[in-house]
Amino acid sequence: MSFPLLTATAALPALGAIATAAVPAARRTMAKWLALIVSLATLVLAAIVLVRFDPAGDRYQLTESRAWIADFGVRYELGVDGIAVALIALTALLIPFVILAGWHDADPLETGNTRWRPTQGFFALILAVEAMVIISFEATDVFLFYIFFEAMLIPMYFLIGGFGDRAHEHGEETASTQRSYAAVKFLLYNLVGGLIMLAAVIGLYVVAGNFSLTEIAEARANGSLDMATNTERWLFLGFFFAFAVKAPLWPLHTWLPNAMGEATTPVAVLITAVVDKVGTFAMLRFCLQLFPEASKWATPVILVLALISIIYGALLAVGQRDIKRLVAYASISHFGFIILGIFAMTSQGQSGATLYMVNHGISTAALMLVAGFLISRRGSRLIADYGGVQKVAPVLAGTFLIGGLATLSLPGLAPFVSEFLVLVGTYARYPVVGIIATFGIVLAALYVLVLYQRTMTGPVKPEVAEMPDLRVRELVVVTPLIVLLIFLGVYPKPLTDIVNPAVKQTMSDVQKKDPQPEVEAAK
Amino acid sequence: MSASAVHSLWTTAADPISKIDAPKIEYGQLSPTLIVIGAAIVGILVEAFVPRKSRYYVQMFVSVVALTAAFAAVVGLATSGYGTTKAGIAAMGAIAVDGPALFLQGTILLAGLVGLFTFAERRLDPEAHGNRVDSFAAQAASVPGSDSEQAAVKAGFTTTEVFPLLLFAIGGMLIFPSANDLLTLFVALEVFSLPLYLLCALARRKRLMSQEAAVKYFLLGAFASAFTLFGIALLYGYAGSVSYGTIAQVVDGTVKDVNPALADTMGNDVLLLIGAAMIVMGLLFKVGAVPFHMWTPDVYQGAPTPVTGFMAAATKVAAFGALLRLLYVVLPGLRWDWRPVMMGIAVVTMLGGAVVAITQTDIKRLLAYSSIAHAGFILAGVIAMTPDGVSSVLFYLGAYSFVTIGAFAVVTLVRDAGGEATHLSKWAGLGRRSPLVAAVFAVFLLAFAGIPLTSGFAGKFAVFKAAAEGGAGTLVVVGVISSAIAAFFYIRVIVLMFFSEPRPDGPTVAVPSPLTMTAIGVGVAVTVVLGVAPQYFLDLANQAGVFVR
Amino acid sequence: MENLIALLVAAPLLGAVVLLCGGRRLDAVGHWIGTALAACSFVIGVVLFVDMLGKDAEHRALMQHLFSWIPVEGFQADVAFQLDQLSMTFVLLISGVGSLIHVYSIGYMEHDERRRRFFGYLNLFLAAMLMLVLADNYLLLYVGWEGVGLASYLLIGFWQHKPSAATAAKKAFLVNRVGDMGLSIAIMLMFTTFGTFAFGPVLEATGETSEGKLTAIALMLLLAACGKSAQVPLQSWLGDAMEGPTPVSALIHAATMVTAGVYLIVRSGEIFNAAPDAQLVVTVVGAVTLLFGAIVGCAKDDIKKALAGSTMSQIGYMILAAGLGPIGYVFAIMHLVTHGFFKAGLFLGAGSVMHGMNDEVDMRKYGGLRTYMPVTFVTFGLGYLAIIGFPGLSGFFSKDKIIEAAFAKGGTEGWILGGVALLGAAITAYYMTRVMLMTFFGEKRWQPDENGNEPHPHESPRSMTIPMIVLAFGSVFAGGIFAIGDRFLHWLEPVTEHAHGHPPVSALTVTLATMVVLVIGAGTAYVQYGRRPMPVVAPRGSLLTRAARRDLLQDDFNHVVLVRGGEHLTRSLVYVDHTLVDGVVNGTAASMGGLSGRLRKLQNGYARSYAVSMFGGVAILIAATLLMRAV
Amino acid sequence: MNPVNYLYLAALLFTIGATGVLIRRNAIVVFMCVELMLNACNLAFVTFSRMHGNLDGQVIAFFTMVVAAAEVVVGLAIIVSLFRSRHSASVDDASLMKL
């Protein structure tokens, strides 16, 4: 067995987390650097995975398989297809920026207490999340995936509840109560989803007898394992519910605004840009592969929900008074697009959805992190507290605008490619749905531009008059993201080349063909 | 009733004594129990003859040696195949020596050993008059707050009787799951119950609550065992024998020689059903299943925390062991009658425990209710009626007991002026004051909540899996729902510890001696190991999954 | 040769990148870099033009394939350029006028400390606009399409500290987005219909699909065009867009960007030809806008807003012509080009005036400026003559052709459209004369502003006047050069095939009619504004006037229906999200708590009640067991 | 006479005992009721032993007595200590812990 690259990619941040947590209280900066270095090393490993991955090769590559819990029919099986590779790369890429952006977010308020070591905890938890996210992208064993899909909640929970924005308009007391409310809400929502999934997982075992994704999918394909229609549907629902909570899909979304609003910005980025992707990813990998029939059966409802998410999320984003909540609702709208693309069941839709996961990760990270820098300067998340920043801090405003334009998927920036693919893919099969979804792009323009106008333009508010422009550290965070946004917007080919084969596979799993263009159909 | 039968009764009674041949006892196979009981008796003698100053150490020594030896014996028996191939009935049909018995005895002994450490902890309470004291009353006989109590405290008395009591309890628990006839079952039940009643009354602080707990536990326990006994009587009346094997045969109708009297009673299933129900009730009482659970919160809260921990862990193990044997060996022929009923009980137990726990404000009561909910989960596995069911239950018990002892051990550390600070509000901000302790407790809570990568998840999964395979899918769904509800209050505690500001009058965390540290350490270790790599223990449980008839 | 095409786009793009990322150290030279790169792409354009003239008409189109952009299963989008006569026309117009306006801006923006950024944006605009007209498929066109939208957003809002400017910019972008929605839906339709959206394949395959499909596509394209070219019903943004610096208004909101809609329709000619109904709608939209803009133009006292109205109306002419099909395409483009010259000229003139008048825009505060700023007066005057279609000047030829074509549509439609076109011509003459008179004639009406410094009207610097002069030349001669001998027609015919329309009345009659209405319009204006003194404060005016001042109330409509309605919708949704969606969850949690609290009561601490529960329990147990046996 | 009647008696005694546990307040009395229940069991054992004509029942009866005695020892100890600290043997007074 060759060097277990995938295991290493996940294990490195895990070990890094332990090491970081072990750093003594006084050596705060050391912990930060350690975490940063580990995350960068992980990035390198991810890059190696990306390189070693051969789009033309087998569906799952770099596979590893070890015995684990034979009694539960569980094996330690890893393997990546194009979609997973892309998302692993995204994760590994974003974490260093998250860490950099959160450099000072976890400095302890009272330095006297030597027992309490928030900084170490903060960065250790971030690395732990990274490890778990990566391995859940790699897992090709349903149980293994489930384990980390669930376990991921705990570090996230502490990240949300334990660390919040420094200055809060209502004072630290309310802040902490709201934080813990948000954290609990996050955990319970996802835990309930996970537990319902657990029932389905057990059901799957009873039906299939093991958890190997490849084996089950194969057995489903060649008919050696046929589920009763209702069984399949129930199992599908069990899985989908958990993923829909994580994604999040309307009406299971309300935890996201609270979580993103109360958490520190880097953590908010972690949630929406990385962790939530596991949900949509899992729909693509597990729902469609394991329960193709049920997926098709549920498609109409899911499409409607996705549509609602798109419009509803956008409208609510327009109505927000809080920058971070606004971005959160925008994300809900975007997740609607992703799910739409997945269940449109066309190559364009699914490729689009996959690209969308990556692009949305980058664009939201850019927008949210800049927003975070803004908030950290003024100490308020209320849009109304800003105005005329553009005049005071042009670079900040500029980057903010670019992030916003990416969010409204301006052509030339990465999100446009994915969003358009999703729309085209959806339209090809469900024209009405496609057209309704298109309204989303107008609403997106609305909430982004309103946000920009209210915060950045107009007469300079006295409170922001002394606001400093972006610092070097912050530029280091934002610039690469923006460059990436533009690059992937102009030349997404490298990404699509990796993704396309995997999508073709998925399409064959669900036995769906792309609708023929009318003209060719006529011929 | 035929006259001949009566006559035969007389004649056999009139036979010369010499006819009775001495019973044949397999001392080797019974050694674990014998060692522990023996040690307990030694402990009594120690109390009688060893000077007070050195009793503590001697008792410690005796108990530790005994438990270790007993555990070694269990391992020895298991390795020499008594768990699998050589499994059989010992002591003239009174005791079964087979896989489940040995597995559970092993678990009980280890739990007992860990529990013993928490019993022996003497660093937590502030020194009274220069004597290190443990969490037991200086002199149980003295009235709380009286001069005699003061004197006892001043003299530095400590109730070292707890050690022999603990050993007796463990001895009874060792017999309980391996009892192979109803009489042994009943005797074992009493043997481990009575010491526990006493132990509950021996708290050093909050003695009134402690005594109240003891009274409640005792009266209700006695009440329950009366029912059990009557059930035994009825079953005996039905089958004409109290040995499991015979009863099972009678139930299945495969019994060899049917004398007219037996034929008479055999027809009468009412005896059987009522009897079975009453015995099962007694066992359900011990495991704390709704609606026989109501003693649990009060007793758990009032009893000295080390006792609570030990009780919560070991009693459950023993009682579920006995329940398994009863249902799988004696009453399999009856499963269509009891299975639906047990399902109902499992459902109400899972939900009831979880729901009521939501609004608890005392950490010990909270854990009590959580233990009720867990009893429900385990019942789900019991109901599976498959070998997987047995092994999953065994695994769950093993995993659960150590988490429990560990959790209660942590509870003993958090103290303020009035002893242990068990009110939840006092735990606010514990994570800030002493992150390590809080983190450890969080781990236990997560295990209780069944979060993946903890033993709790592995156990829950095993049990639910067995239940689902056994065709009890509804139980899985209910179980999942109640886990969701349960998660809520485990999370509440974590929130309290980590996300809320510490109170100025908050409790301090005492630095324990290696004893308690070991207890907690073992708890954490087991939690993590069984969570990450449970395979070995699952195999163990699988091998141990077969009862001997 | 074709490898030069990419450079057309690359040059200004480079400029944009350099200027926007360059930072303060480029402030000194920024405007030069920008201008140089704009000029550079103009030069390349000329080179290509010359080269193109060298070839014979059929083989003039050049293609350049750069790289495949979005390769996905069954979906092929390339970054590829196509340079045919149509594109070439635009390239020259855009880069030419663009360069001039760069030069102009050097002077105009002299005192603005963010001049570098201004030039960056201008270059960005050029790049996007050139990509728009050079793209060889609709998706790439879409990129340019939104690119110019972005540039216009940035430039309208260039003076962001003015809330009005920021709002105007936002409004422009949003309205355009609505149009863009049309374009993207059109592209989706093409994809599902033809499996591609490259010009060549799509336009060839039009024959192979139903008219219904084509009509749908055409209407969606029209929607896009309306958004970009400020046609009814998406015209509302253009007036506000005048918040931007005047060069921007000249370049983007007069000469080039707003005409992109016309380009789109002409470019998609085959589709429209095959969808008559859609064409009819196009002509109607054109006609309506034509009048709408004209009327608005009559009422505005803000010189730029008046010109904006006129722009609307002129583009209305072009759209109308484009709607007429093959008989109109060429004239649409021709008018577009000439309009590009004179309207740019007019705006630059206006800018020059404002420059001299402390950025005063209210024409009622002008008057008699001809003596103060002669060059501006002359150039503006020439532009004026051109736009009203004074015989011999550009506007005359191009507009006249359109009116003819409109009549040539035939049938009642023809008469109606022609009539509207004529009426429009009259109104044009009227409001332009009005502008002219109010600005340059009569006696001076300006007073010191509140902080007492009185404007000192003066001629603008060379950098500003020269572009004006050049454009004036354009507005004078372009029309003639194009029209005489149908040069322009022959030049474009290979791309947009041309059909000769036969107006019911002779061309001469039409021309004469045009002259007549022209005189009437101008005359009325003179009677109203030339003869009697102009009140500094606008009189209340007739209902129509007041409506026209408010852009015929369509803003109020938008405000009431869209803005207010939207606000209510979002606010109620926020409420729903918080109370309903969230409430359900929190409700469940709360009810759980309540249930728990109630069950707790059972645990009342009395041992005997516990015993009761046990007793009851065992009773139930027995009963149930027996029951199980019974059933 | 039919031994079954003794069973009825046993059941009766048992029920009386159980009822006593439920309705009496004094801990001692409650405890006596429990003992009564145990004795009811004994009666049942003996009767069944008689019916089945084997000695198991009688043997069990002896065991039961011993166990009962043990219970008395432990029980009284606890109850007395409770009484001494509260000066009341009422089980209802002992309700510090509830909810």
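When the chains are written out, they are named A, B, C and D in that same order, and each has its own residue count from 1.
The criterion applied here is as follows: contacts are C-beta pairs under 8 Å (C-beta built on N, C-alpha and C of every residue); 3 or more make two chains touch, one makes a residue touch a chain.
The shown structure was predicted, so the numbers you read here are calculated from the model rather than taken from an experiment.
Comparing the CA-atom centres of all chains against that of chain A, the greatest distance is found for D. Chain closest to the overall centre, judged by the mean of its C-alpha atoms against the mean of all protein C-alpha atoms: A. Remark: among chain pairs B-D and C-D, B-D carries the greater number of C-beta contacts. Note: centroid distance chain B to chain D, computed from Cα atoms, is 24 Å. For this pair, chain C with chain D, the centres built from the Cα atoms lie 97 Å apart. Taking each chain's centre as the average of its CA atoms, chain A and chain C sit 37 Å apart. Once the centre of each chain is set as its mean CA position, chain A and chain D turn out to be 65 Å apart.
For chain C, residues touching at least two other chains, in rising order: 589, 600, 603, 605, 607, 611.
In chain A, the positions touching at least two other chains are 188. Along chain B, residues 215-216, 219, 223, 227, 297-298, 488 each make contact with two or more other chains. Chain pairs that touch one another: A-B, A-C, B-C, B-D, C-D.
Interface residues of chain D facing chain B in the complex, by the touch rule stated above, are 2-3, 7, 10, 14, 17-18, 21, 27, 30-31, 34, 37-38, 40-41, 44-45, 47-57, 59-60, 63-64, 67, 70-71, 74-75, 77-79, 81-82, 84-86, 91, 94-98.
Taken together, the chain A residues at the contact with chain C in this complex read 185, 188-189, 250-251, 253-254, 312, 315-316, 318-320, 347-348, 351-352, 388, 390-391, 398, 405, 410-412, 416-417, 420-421, 423-424, 427-428, 431, 434-435, 438-439, 441-442, 445-446, 449-450, 453, 456-460, 490-493, 496-497, 500, 503-504, 507, 514-520, 522. Here chain B touches chain C in the complex through residues 215-216, 219-220, 223-224, 227, 269-270, 273-274, 276-278, 280-281, 285, 291-292, 294-295, 297-298, 336-338, 340-341, 344-345, 352, 355-359, 485, 488, going by the rule given at the top. Residues 1, 5-6, 8-9, 12-13, 140-141, 143-144, 183, 186-187, 190, 194, 197-198, 201, 207-209, 211-216, 218-219, 222-223, 226-227, 229-230, 232-234, 236-237, 240-242, 259, 261-262, 264-265, 297-298, 301-302 of chain B are the ones that touch chain D when the two sit in their complex. Those residues of chain B that touch chain A in the complex are listed here as 431-436, 446, 451-453, 457-458, 461-462, 464-465, 468-469, 473, 476-477, 480-481, 483-484, 487-488, 491-492, 495, 498-501, 533-535, 538-539, 542.
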